[in-house]
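You will see two complexes here that share chain A, one where it goes with chain B and one where it goes with chain C.
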Partner chain A sequence: MASSTHELPSVAGVRDPAGTPHAFRVRLRRLNRDLRRSKQAIMGLTIVGILVVLAAAAPILAPADPGKPNLSESLQSPSLSHPFGTDELGRDILGRIIHGARVSLIVAGIAVGISLLGGVPIGVISGYWQGAIGSVLMRLMDAIQAFPGVLLAIAIASTLGPGITNAMIAIGIVGIPTFARLSRGEVLRLRSVEFVNAAISTGAGSTRVLSRHILPNGVAPVIVAIATSCAGAILTEASLSFVGLGAAPPNPSWGSMLQSGYPFMQIAPWLSIFPGLAIAVTTLGFIFLGDGLRDILDPRLRGR
Partner chain B sequence: MVIRRLVETIPVLILMSMLVFSLTILLPGDPVLGMLGPTAEIDEVAVERLRTELRLDDPLPVQYLAWLRNVVQGDLGRSISTKQPVADALLTRLPVTALLSAYALTIAVIIAVPLGVLAAVKRGTAWDIAASALSVLGLAVPGFWLAILMIMLLAVNLKWLPASGYVSPLENPLETLQHLFMPALALGVASAATLTRQLRSSLLEVLREDYVLTARAKGLRGQTVIARHALRNALIPFVTVLGLSLGHLFGGSLIIESIFLVPGVGSLLVNAIFTRDFPVIQAGTLVIALVVVLVNLGVDVLYGFLDPRIA
Partner chain C sequence: MTRDIAARATGTTLVGKLAERATTRRKLLGGAALGAAGLLLLDPRAGGVFAQDETPVRGGLARMAGFGALTSLDPYASLNSDCDRISYAAIYDTLIAMELDGSFSPQLSTEWTVSDDGLTYTFTIREGVSFHDGTPLDAAAVVFNFDRYRAEGTTYPYATPLRPITTVEAPDATTVVFTLANPSAPFLAGVSFAPIVSPTAVEQLGDDFQLQSVGSGPFRFTEWTPGSKATFDRNESYWLAAPDGQPLPYYDQLIIDAVPDDSVRLLNLRSGEFEYVERLSIRDVTTASADTSIKVHPTVGGTGYCLAMNPNQAPFDNKVLRQAVQAAVDRQSIIDNISFGEGYLSPLGFARDTWFYLEEPSPVYDPELAKQLLTEAGYPDGIDVSFSIINRPVDNQIAQIVADNLTEVGIRTTIDVLERTTWVELWNSRQGQIGSLIAGGGGTDPGLAASMYDPSAASNFAGYDSAPIQELIAEQDQISDQAERLRIWGEIGEIRIDDAVYVQIGIVPGYGASIANARDFAVHAHFLLEFDEAWTAE
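For the complex of A and B:
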């Protein structure tokens, strides 16, 4: 079978707007232009970008070993040498927050990766083939989503035992249904669109239809969901760490910093203020990024 | 419609119970040792008894059915640390969490409705930007951090509110509201933010509808149009989100309750995490999830009354 017929499906003049490499490049260029116009997206990108740089450069920026106690400097209030003060073991809070950014971003990245890799195939299977396996999987997704997210993550993580790996697995599992539902919806929508029908009727196989036509056209909401899921993952990780289920000490995680600073709330409030601020700013960055991307990628919402 | 929705809930409930049951499989090492706690190795009689009780030598489906039979009969196992039946502890603590969640939801609605209406009606103005910024902040700030900040400010420094504790509403309802105010606010802020965003966008959608234009054209005042025509229709999706929020509130109550020492299901669960009390974690998860599903079912039924088009 000649593959050129699929390159430009010509059934009744129906064209896939994203089906050709040229169209894809045009879309990328347009995305770049729109990104610059959305204030929210710029703010989000800036915050997330700064965090990534901080996390990557943590050993250079905060050279002092964040896990090393220095009891002669314990519980110092913010000063020039320790802008965010020190904790009960004399460790620099700013340094620990910068190192904590690594933990948060890595946990969020891997957890959302698990959700994505678990959810998208389930959504595609049930949306494209609509068979029995698909509907059983979707019922399972309903069941997972019936649990409050934090509760299920805590239940899984506390069963597996404390630790950062288990926290990532727990957060990742909880996020699977979001991506499954989203990608199922997109596949269902696109499956009935003219250009996909045209591609199927010219004899394109399911792999080709999925990778060439459905994926490029349905990827936008998934990208938005990745950004918002990162925000959720960071909040959940903080909650898990706060109840002792996340990163184990001396690994600096913002949630566990809040937990260990909690008893010193009255004499050293900075222990409770700065790590929480870090969580809020990071989450804010991902929410802005998600909102901005949604405005750009979903033209129906433009101007809202 | 109500009956169909009821029928649809059954497979979700069954799968949910399977998920909670399968937590047992995730327990590292011997599940019996995991369930009996670190002291189990000494007490071989108890280990053997639990092993036969849980039918651990039987295939998984048989184990699951045996477990499910116990659960349906109200036997949720015994706590490792207190040796008490978990069902009893959950039953006494569930009303507290329910009260806290209802309080939080009330606060969330009181914040969200005016804010959402303001943002939609004054769209694009400074009001809208302020309301939207507040709601994004509400989403980004972790509830438990807000709780800590409030304790520092309102309880420790200003001494306006009690820092922690709980008074039963049967003794002194006013004090209950006072004690639960900070926990409910910390818990409700995220829901308030979600609800504000939801209300704003659904109101904006409704405001474009023809019947709103008609109402305006026939000379109704702006406020009347909003209250009688726009808001009524915009509230329909709002109610769904309200139901979903309750799930978030129950989940969030875990940490909030343990910070404010509120004796609900949440603090019971957090204590169970620290003592590695697996039966309590498993049963608590199941019960909270069950409540959330039933509440959402209730919301869907209510939905039919709110919007005759659906029923």
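For the complex of A and C:
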């Protein structure tokens, strides 16, 4: 887990490279250059970008209420007026997928946000102070990680009760150990690096050391983890919705579309194929983005 | 998508053929549309395929896939009689069997008489029948069984029609006399459900009788581990003989397994893993009908779908609000949508192929009226309600249409999808608001639908308690004239519609399927099969 944006640790660290506007611009420019070099990252960004646009413009792109049944048009195969066909209640599947992008993105955003806000402090506390509390917290993380992710999410979601909010909380909780372990590793590594030691020796307090020296330099692997966690969150949400613990009908979540569509697999496969594709493509997009970012941000992989 | 299901037409002729046929055995071991919601509604009706000019083939194996796993081999302890009944039909016999028109035919009992006051039934028991363990099936064994089923605190699922019994006696080895407290129309149906098990085996095995049964049916118990398939071997000394004089059944072995998913079950039939499957999804009927390697069999009756509103708690303790919901729900559109136009409305939940199907009285669908009623109920600005459903595909579909219907008139509806146990808890604790459930769709006798109106019954999920309906049900139970009973059920319908606690959406017809070469099996509601005369053509 030794990855860093830091190229000249001892000198640059003392000068506090992440702190100045100039350094920030340099970094951005470098990121931009690297991004363009990574085809994977570009593909990932494109897919995620399209998804964000779809989600943001859903009411314009698909003005019809995605939940409203239109029974006279049920189970129509893909056509010009309904490119992805209609579902068992006569609703346009393309429209529902576009609106479903919102659900998926919101779920991914909030769930990963929960994982991030829960995991990073735990990792920092146990990594920086290494006290009893930290040990206990990390053992707790181990315990959470001992469960298969989807299973744990199902267990939490069924305890909290079905619904998209509870699904987000469940997915978020399941993701906490990933961020806790990752950030703990980074903090442990950075804590023993010379520029941090130098900062400590000049009398900088914990808050300053953490906020000015450790966190800015440990952020890269976390960014990569955010992207891959989004992919995981979207998949888990689809799984939860599939077993009925996610978005309540008529809310168009891709997972619940799959669930309501699969019984029609033999007579109307488009009910399941398109939501399934949407899930697959989106997940792939986030994974590409994550992998691409890792290539760019990990100096050891650079230039390969 | 329009659907033309040829099998439906064929089915009618099959059913007709069955009715004409002098069946020797047509028992109805819990032939029930008990449904996942567990309403006590019984379906005995049959379709089937009968060979014309072929010579039956002896031997071979019949593998059957039901939709749920066997819960107990002891009918007394059955937890899901809807799943268990197929196994019971294979290993047990009943005294009498119910025919399609509601009449009864001899089985273990060769003849029976009813006293003029309708209080005494005398059955003559077939001589020379023995259980699989070799003990005789005599009058004393029959008395043992009925006393067991109707005992205080019984767990037998079909005890309700046996309640009028005051005594069961065996004056001699071949005579059983039932004395009833009052005349009861569903009583004979109750007798036709009751499997006769070996008293010796029950006493010797105790609780283990649930795991290894002894009956007198065409197949004997061989092997069963709960949670997996059950194997039954041919009963070498079955009392019923084939037309050629050799004893039945034809098959050497019968294996009954469970595949919960409707579509997977059909795929398994196609891939040759089973010879028979019950409960096709209506979605798959068209594709299955087009496949020449299998045959689709319509059954009599089907699955009934019903809405419930909880009259015991606000806001649906308000009758006018319930009536507003009833008027707002477009039942015809819903039944058309969930059944591809195959289903039909049935205000009381009775199947149209039973003698007691009632088309009227029926609630009106009128959104304008619904809006008026909503205002009258005290909600001129509308109301927010929660629609709780069990996580099943059809319920999901129904809920979304109902929610749309209700939201249109100002009853803003959110759908809560729950696990079955959570849903049952919610409703049994009378905390639900609106819900959907599976109820109706069958019936050997309309009186057996009474549990829906019985406040003490667990399957009366809404806690519907109408004294006038209970009185009318008690009244019609004592009448044997079908027309008069129907008239009373019409009155019950009027009250039910006025109360609007249960709103029956309609009934989706049931189908089963077999390999194309399967012959001579009897199909009851939801594809309850009898294998005693069944065989596979070469």
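Everything that follows uses one rule, which is that the second predicted complex is superposed on the first by the 279 of 304 C-alpha atoms of A that agree within 3 Å, B and C clash if a C-alpha of one lies under 4 Å from a C-alpha of the other, contacts with A are read in each partner's own complex, and residues count from 1 in each chain.
To be clear about the criterion, a contact is a pair of C-beta atoms (placed from the backbone, for glycine too) under 8 Å apart; a residue touches a chain by one contact, two chains touch by 3 or more.
Computed from a prediction, not measured in an experiment: that's the story for all the values here.
Trainee: Classify the contacts of A:I287 with the two partner chains as first (chain B alone), second (chain C alone), both, or neither.
Mentor: Touch partner of A:I287: chain B, not chain C.
Trainee: Just to be sure I read the superposition right, which of the two partners does A:S74 touch: chain B = first, chain C = second, or both, or neither?
Mentor: second
Trainee: By residue count, is chain A touched more by chain B or by chain C?
Mentor: B
Trainee: Touch check for A:G244: first (chain B), second (chain C), both, or neither?
Mentor: both
Trainee: Regarding the shared-chain residue A:L45, is it in contact with chain B (first), chain C (second), both, or neither?
Mentor: neither
Trainee: Once the shared chain is lined up, is A:I176 touching chain B (first), chain C (second), both, or neither of them?
Mentor: A:I176: touches no partner chain.
Trainee: Is A:I267 in contact with chain B, with chain C, with both, or with neither (first, second, both, neither)?
Mentor: second
Trainee: Quick one: classify A:A155 as touching chain B (first), chain C (second), both or neither.
Mentor: First partner only.
Trainee: Considering only touches as defined above, state whether A:R139 meets chain B (first), chain C (second), both or neither.
Mentor: A:R139 sits against chain B, while chain C stays out of touch.
Trainee: Of the partners chain B and chain C, which touch A:G276 in the superposed model: first, second, both, neither?
Mentor: first
Trainee: For chain A, give the residues common to its interface with chain B and its interface with chain C.
Mentor: 158, 243-244, 265-266
Trainee: Considering the complex alone, what residue numbers of chain B touch chain A?
Mentor: 11-12, 15-16, 18-20, 23, 26-28, 136-137, 139-142, 144-145, 148-149, 151-152, 156, 201, 204, 247-248, 250-252, 254-255, 258-259, 269-270, 272-274, 276, 278, 281-282, 285, 288-289, 292-293, 296
Trainee: Under the touch definition given earlier, write down the residues of chain C that touch chain A in their complex.
Mentor: Chain C reaches chain A through residues 1, 262-263, 281, 283-284, 286-287, 333, 336-337, 391, 393, 396-397, 399-401, 403-404, 414-419.
Trainee: Please name which positions on chain A make contact with chain B in the complex.
Mentor: 139-140, 142-144, 146-152, 154-156, 158-161, 231, 235, 238-239, 242-245, 258, 262, 265-266, 269, 272-273, 276, 279-281, 283-284, 287-288, 291, 304
Trainee: How about chain A: which of its residues touch chain C in the complex?
Mentor: 67-69, 71, 74-76, 88-89, 158, 162, 243-244, 248-250, 259-260, 263-268
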